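Chain naming follows the written order as A, B and C, and within any one chain the residues start at number 1.
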């Protein structure tokens, strides 16, 4: 998650802020004009970082919202006087935001390459609209003859015609935008955005509506870009449709990455460095004849930067992210009280459950009863039937026939989301946690998903409850000492424990674990099986495994599935002696054993 | 009425041209798994090759014969030098690296050919126009362009359906790993596919050059439209690219007839409509 | 008789192994799947690879083929080192792999699936031609112009095996030879394995059907939790039913 900036970074930012404040005094007109451009650009690219760096949406059309903001000033400004900035600026943000809502609702349906191309295309669409038609002067561009003023109740407070005044307004707005985004990213809402960036599938499985979050991120970023746009229009009073173009969007992405995506302060540095670099490359006095081919020079620099320093300037300043030693004390914690609390382990039953895929019968007429507060093993010589059964139990697939009941309630028609809300959760064969988050942050987001108001910006209301649930979960699985360790730094077994902790933190009372012991050595296996035994006290555990020693040691009942059919169900001892089971696994070689 | 007919013909011809360019792009997406923003630059390469070679040979078809293999070789060079370092990188890096390539190619073009627009002569035997009615005629050259596109499309289909390398491409589209397991070194396959993509885009640029003038940035609209075609058709699908390109050609044509100011917007509206129904494209594999 | 048995009968020194994997450690991310595995295949030998699901059998085959790079260990095939190299290098060195999901190309016909990889074996052998494959698999001959995805599961398995044979390999790796197939088709697959054996091609076969598999093998290897726990003859394996139950049963 968004790392706290190092002291070095804070110092650098502080120095820049002071330098910025002093520029009108110390620098000339040109310096102020240059600096104003940098500030406006910085607001623009900081908003883009919300999309690219935080949410992971690579938008190649962000400039269109910048341009809309700029054109908004043109639309609002009366012919003969300056517009009221207190109206014009929010109006620009509103226009950009609404456009983003419309465009984003379609664009966010896509992902990966498609999203990049779609945002590019929409940007070009707006370019064409403003270039071909006479909406706002067409290809000639548009003029804003009189700069806006800031007036309140008819009294003019500031005239933005004055360069220095306008400069400080821009500086103030940049600081506000940066701090605002910082707060946003650190809020529960921002936590979800970052989760979506690194593991959208997991967030979706936890119950978050990722489409809505991505769309909101898109709109917020667009509104801030619109603000930058209207400021831009105020600088020179001239705007042209090229502002919509993908070249502008591409340069914006460049600034974000050069500065350091995902850090919020990085892109500010990126905007500054890029502007300076551009000036240098364009000036023959510095670089000689290649000045006329500065684009090419920029291209080579970009390649070098992306390959050599992918984390940008911010990455270089921040250094590697270390792990903090956790401060939580070991010892068993009491289970936190949960709002809308759920009881202890659940009773799960199926009746004649079947699933057919085309001609293949994956699960056939399975009738089972999993008693609460026990560990139930599910085994079988081949793989397919067991995985399909789990998918049916968690609602990832719809059954073809049969019923499922949770604590007596018929859950056959429930959606995946509803099943999750009722306390059933699963883990995956391949570890599916959010790697850049710490163990604690992983559990926090799992806990957040199951609170009634998952979509929120304020930390206060449920923060204490979520922290307690996360702490309890991590304690229950034995990860107290690793609470603040980044998940990618955990050992394999610890990652598996974390995965189980996430399930507990989300309030699940029926845990379905899919081969949790895969790839583990004897010591880790022992630890995790002991954990499962302990968990059964307060949960029901369903366990698909192939490690026979482990499952025999920990399971209260065993269910044997062969080619999707229920072959046997009983205690481990009964199963071991069951001749049908032996035959299913060993063929003729099993028969000799049963005779003994 | 005749105006509509002309626009439809234009739309079809444009659609075929875009299909030529977009098919290379979708192959690169589908088989190499990379997004290549510099694809428009190869169209531009074709246009400028057309300029230079036609002034040497005097005939656009000779130019095509010479230029396409040249473009193919250039594509292999670019893949070997640069593109193969993109495989496996995340989308953001691919976007930026190929964006950098555009910047470099644009300035290279300026260095070699300058910024003034140039025109490429239509061969004398194709300068005529066909009479469609008393009032309207249609340039023969445009029909020839459509014809060349169709021929190239058939060549492409032939290669893909009936040659061994075509089999490898088709196999690679459905199961890249298995192709490797069977002993085909994918690296060479990728180089070929990328070079083919470049050659197709360049061919489109070459034959289209005499229609308009040749100027810097001629490839950019082609890039955008190719992207839209791929989005509509589905990444990796040649069939999708074909239908997408024709749809776009016709949408553009009708736009020009009925809503001339909003003609270009029509194309994007079409894209948006397709996405709402099928976010993976008409024939896309998700 | 197999090469090894033949050699023993004439009291010659045993032939050198064709495929040698030494001290293989394979990880998926942090998951330690193969732990210090030593595995070898003699020329013309048929070896079974046994073990429950999730114990590492498929991972071992994929590691041998180069689809997964082991973190430690060496793999040599016919004297050439193939560890860390691309799968196409392993294929050209004489290794063929038939994966569990068959990997048939759905957008190529049966004939195209077979012919596009056809090539001579390592020492110029060209025993397996299209005609020969069609005579071994008459069903495929009937469906030669069908698309890959128009075949049944068993036919796809046959196609995948036939396609592997078209590369004239020295060793063929068969993952889940008969899983999910009807009994009659299973018999046909086993017959094919017998023919491969008779043709002198070494094979590593993974299958859950112990009855049929153990009747065909010269040697058997058992994997449990990523480690080799048995490497010996069928007779030795059968002599210890407890062992069989413990590692392969329940």
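Here, a residue touches a chain if its C-beta (ideal position, glycine included) is under 8 Å from a C-beta of that chain, and two chains touch if they have at least 3 such contacts.
A quick note: this is a predicted structure, and the numbers were derived from the prediction, not measured.
Here the two chains linked by the largest count of contacting C-beta pairs are A-B. Comparing the centres of all chains, each the average of its CA atoms, the largest separation from chain B belongs to C. Mean C-alpha positions place chain B and chain C at a centre distance of 44 Å. Between the Cα centres of chain A and chain B there is a gap of 35 Å. By the touch criterion given at the top, residues 29, 35, 37, 85, 91-93, 95-97, 99-104, 106-108, 110-111, 224, 227-228, 230-231, 235, 261-265, 267-269, 271-272, 275-276, 279-281 of chain B touch chain A in their complex. Of all residues in chain B, those touching chain C in their complex are 164, 167-168, 170-171, 173-175, 177-178, 180-186. In the complex of the two chains, the chain A residues touching chain B come out as 52, 58, 60, 106-107, 109-110, 112-114, 116-118, 120-122, 124-125, 128-129, 132-134, 246, 250, 253-254, 257, 261, 293, 295-296, 298-300, 302-303, 306-307, 310. Residues of chain A that touch chain C in their complex: 379, 381-384, 430-431, 491-492, 495, 515, 518-521, 545-548, 560, 563, 575-576, 581-582, 585-590, 592-593.
Looking at the complex, you find that chain C touches chain B at residues 65, 67, 86-88, 91-92, 97, 99, 103, 105-108, 112, 116-117, 119, 163-164, 167.
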